[in-house]
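Next, two complexes with chain A in common: one pairs it with chain B, the other with chain C.
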Partner chain A sequence: MAEVTRIEAVGVSKAYRVGDRRVQALSRVSLRAAPAETLAVVGESGSGKSTLGRILLGVERPDEGEIRLDSAALSLPLPKAMRRRLQVVQQNPLSTLNPRRTVGQSVALPLRVHRLVAPRQTTARVRELLDLVGLPTDTQDRYPNALSGGQRQRAALARALAAEPDLIVLDEPTSALDVSVQARVLHLLIDLQARIGLTYIFITHDLSVVRNIAARVAVLYRGRVVETGPTEAVFRRPRHRYTTMLLSAIPVVSAAEEAVKPQWPQETRAQTAEAESAGCTFAPRCPFALDPCWRTPPPIESADGRHFAACYNPKDATS
Partner chain B sequence: MLWPRSRLWHRFSRNPLSVVGFAIMSVIVLAALLAPWVTPYPLHAGAVVDISNSGKPPSLAHPFGTDTVGRDILTRTVFAYRLSLLLGIVVLSLATPVGVIVGLLAGYFAGWRETVFMRITDVFLSIPPLVLALAILGFLRPNMINAMIAVSAMWWPWYARLTYNVTRQVATEGYVAAAEVVGASAFHILFREILPNCAAPIVTKMTLDLGFVILLGSSLSFLGLGVQPPTPDLGSMVAEGARYLPDLWWLAVFPGLAILCAVLGFNLMGDGVRDLLDVER
Partner chain C sequence: MNDAAPPLLDVDGLALSLARFDGTARILNGVDLVVFPGERVALVGESGCGKTLTARMIMGLFDERGASVEGRIRFDDDDLLALDARGWDRLRGRRLTMIFQDPVAALNPVFTIADQLATVILRGGQAHTRVEARDLARPALAAVAIADPDRVLDSYPFQLSGGLNQRVLIAMALVNRPALVLADEPGTALDVTVQAQTLALMHNLTDASGAAVLLITHNLGVVRNFAQRVYVMYAGSIVEEAPVAELFAAPRHPYTQALFAAVPRLTGEGLPVGIEGGVPDYRVPPPGCRFHPRCPHARPQCHQPPPVIEVAPGHKVACVLFGEKRDG
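And now, the complex of A and B:
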């Protein structure tokens, strides 16, 4: 593929020690995003998506594998110039801004750390940034407790933008917001991407949001990428059974939507993943699991070079 | 502060005991500050001898009575508060920064710094305070300055422990992670992002501790290891007076009550400060 790649994860693994148990948060995860593209990383809680986000940001070191930004491998701790290029908007609007600092102080932090503007121009630049994310300029003198959740996420976005990054990891940026506020923040993100050419890694458990914002999607299950490809292809013709299950769980209102939505055998939804599998990590929850699924992890393969899945018994095979 | 004074006061005064504490503290601090003007016999704070008046029980002229060389005990008690308060302020302003910095570093940086700092803190905490202070004063000459050093040396670990615990909690907040991603220096993260959010429990503890520092200082001078005569000090006055119990009871009882009032006043006030700062979160 001759496509340009902005950020790339190559064979990233990460394990944590919890008490005396070892938890494999990520196993050989590889994915990439082009400049000005949005890659959605989808998975349930505990799938390792937030760990992946921290590794992509260069704040956590992977056990194996590496992250490449514009083809250059990141070496941790990141040099200051590199640090600036990777920014984040976090999930929890209540904790993302320091309650003891004004919004203006928080947004100005990257400007001061990286000396992006002359000190006397800081205030003007902060106003500009607040305006860019749709906050009134008098917000800069306010403390976070005077702001709504949506406003706080906008302020956090302004802080990330202040660093003039190439990539922003959006770690469930809207999941704590009201649905109406969610939509407005998503529009803002899409609009900014079009204007500034930002690359987004959009981490979420909410598939219904993905379709609106992401060109490509990677589905994570228990630390492995089980399916990845263009959003439309993954949504219309999911191949991995886990993706199918996720899609079938999106609530819909119309019969037309229901008709195109993949179906999932009702009785298996409640199954829990107690059993351990030496092969596919999803096998214990999968009603379509075959013998090999329990023995060796399925390789991630593609028919068309764009849409990949790691499944021995993909959806196309049976239906 | 974010609120108008009246609202702060309203919150503080919801607990009547806090107000009592505040009143006791105000009286003590004012009396100590203005001691040369509010005490009946300011000269008695020094080495004055008035044999004709020695060992007089409480009376209108001497509400707390007089000591064995005829000095007014009320006067000496008020002057003794000056030293006690000075001790409290000096000790807290030495112990708090040391403990807070150790706690911040140990709480924010995992790994060897956490292990080294917190184990040192644990060693200090495992020795009974008075024993530690006595040991230090065994090496140093007993006087006011060395007493301050000794008490500070045993006091900072409590602040290290407190700050460590709060820091570990605050360090998980999103804004700390955001500052790291932005590339802010460790100095900025520790002192601009984390410390302001640890301030409430630290300030509360300082108020509560003032009374205890005064108590410990008095214990040291009771044992003859603090302030040396003729400077009036609550602990040495009690020690001196104890030799004449029960006949000249006022020699020991009034300075003893003075210690009690100080400890009680600062404690009640500390509870009020805690109520004030707790609700904020």
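And now, the complex of A and C:
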């Protein structure tokens, strides 16, 4: 593709040992995001989406494959200059902001570590950053526990922005917030992206948010990208059966939304311990699985070069 | 609903104030809510609005020093706020049960599912020995679509997935054929696909057994899928109640409308609009309607307690806007 790529994962695999078992968290995951683009990574718990986030940030080393930032492969441990360019905002800011530091101290730290402003200008820059995320100036003297959930997430964002990054991994940034607060934080994220040209990797399980914030989406199931493409295309014409199931399960608030949800046969089968599949990892849960699905992992393919899916029996083949 | 039958649960003017070192917080500010036999009702609101506290008061699980309670909670013929230990023993776990949000926290990690389910069954008086209880436990687990009940019975909670644990909790809540199940955000901690299955199961099973459900949730989509009637709660008060179809077609209270506007839509019409401001400080709440400082329609009358106006059959709104309309 001719488009410019800011960050790229190429054939990334990662396994962990849990007791005497080996858990394959990621299997040959490839994806990319352009400058100032939002790529959503969706999947349920255990799909490997947070592992992918850590690998993209360069805090964890993949077993295979590599991460490229502006076409250059990351070498671990990351040099300080590279760490500055990759920032993260996590789900629970109460556990990521130091409770013994004021918000001002937390936001000032990246400025000092990366020597981004002259020491005399630190206070002014902190105020600027707080203003940028919509926090009143007096927030700088407050501790995280004195802030509301939405304010804390803004403070965490201000700290990430202080480093003047090119990319922010947003790992469930609004999942702990009420919808009325979530909406305001999402607006702030979009607004900042437009002003600063940030690239976002938006990791979430909330597909209704993804629909409205991400240009492209990658669907992860048990460590594999099963479908990826422009958000609109993936939501309107999902190809992989897992994507279809995921979309069909979203609770929505209107008949108009119900109408755009794909249909999925209601699961009447009783739950058993899941069978292992040597092929598609979704085969044990898939009522449309064919023989090959159990034998060989399906290749990820595309008809238009934009919308990819790894499914032997995709949705539009039969229905 | 059948208006002739008396409500199974009747919460009337429930208020709760807590004395804290820095002042008294009136956390529940007059909650009125009824559930009829066999009815599925949702209580929806954002964090801190008092919905879980309301459920805990109904279950008799709220007992804090310095609390002052007003109002009344009636269940069948019992006055729950005046019930003694013996009375609770008769109701809780039998006629009145609860499903908690986090299945892992709700189950005891050091006992098998068989032990825990048998305790519940013995308590219900359907069995007199653990062997008999196990015979009743098997079909109870089969009813929640667990294919191999014996394996699950011999497991500890940590050996089961979140979805399976949640099903075990549903089985526990229903096995003694309660008249009312309180469900506090069931499945919220689980993935959407599992959450959808959990709600479908609860829907089918309570339909079959005739149990009423009071579902506590923050998710309007879940309300639409599950409930017949809904109460919207804000800052300790019910601001609107309506049949679900009616509320989703025409939400009337400014808070309810703002809540709907804040939900991101799957149709992708762009980012939703949030609500400016935050939940009030309960020690010094705004006078009158507690939503008025954030309300685009606020007017001087909002400093008085809002009238509750029935705008359509069964659709009530606690807002001065509708009082004016009726007068004029």
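Just so it is clear, the second predicted complex is superposed on the first by the 313 of 319 C-alpha atoms of A that agree within 3 Å, B and C clash if a C-alpha of one lies under 4 Å from a C-alpha of the other, contacts with A are read in each partner's own complex, and residues count from 1 in each chain.
Keep this in mind: a residue touches a chain if its C-beta (ideal position, glycine included) is under 8 Å from a C-beta of that chain, and two chains touch if they have at least 3 such contacts.
Computed from a predicted structure; not experimentally measured.
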Superposed partners chain B and chain C on chain A - clash or fit: fit
Touching partner for A:Val18 - first (chain B), second (chain C), both, neither: neither
Partner chain in contact with A:Ala72 - chain B first, chain C second, else both or neither: neither
Per-residue contact with chain A, leading partner among chain C and chain B: C
Where chain B and chain C come nearest after superposition, their Cα distance in Å: 10
Footprint overlap on chain A, where chain B in one structure and chain C in the other make contact: none
Residues on chain A engaged by chain B in the complex (per definition of touch): 57, 59, 78, 80, 83-84, 86-88, 90-92, 95-101, 106, 109-110, 113-114, 143, 156, 159, 163
Contacting residues of chain A [partner chain C, same complex]: 44-45, 148-150, 178-187, 190, 205-209, 211-213, 231-232, 235, 245-247, 249-254, 256-257, 260-261, 266-273
Touching residues (chain side chain C, partner chain A) in the complex: 46-47, 142, 145-148, 151, 162-164, 167, 191-193, 195-197, 200, 218-222, 224-225, 248, 258-260, 262-276, 278
Residues on chain B engaged by chain A in the complex (per definition of touch): 2, 173-175, 177-185, 188, 192-193, 196-197
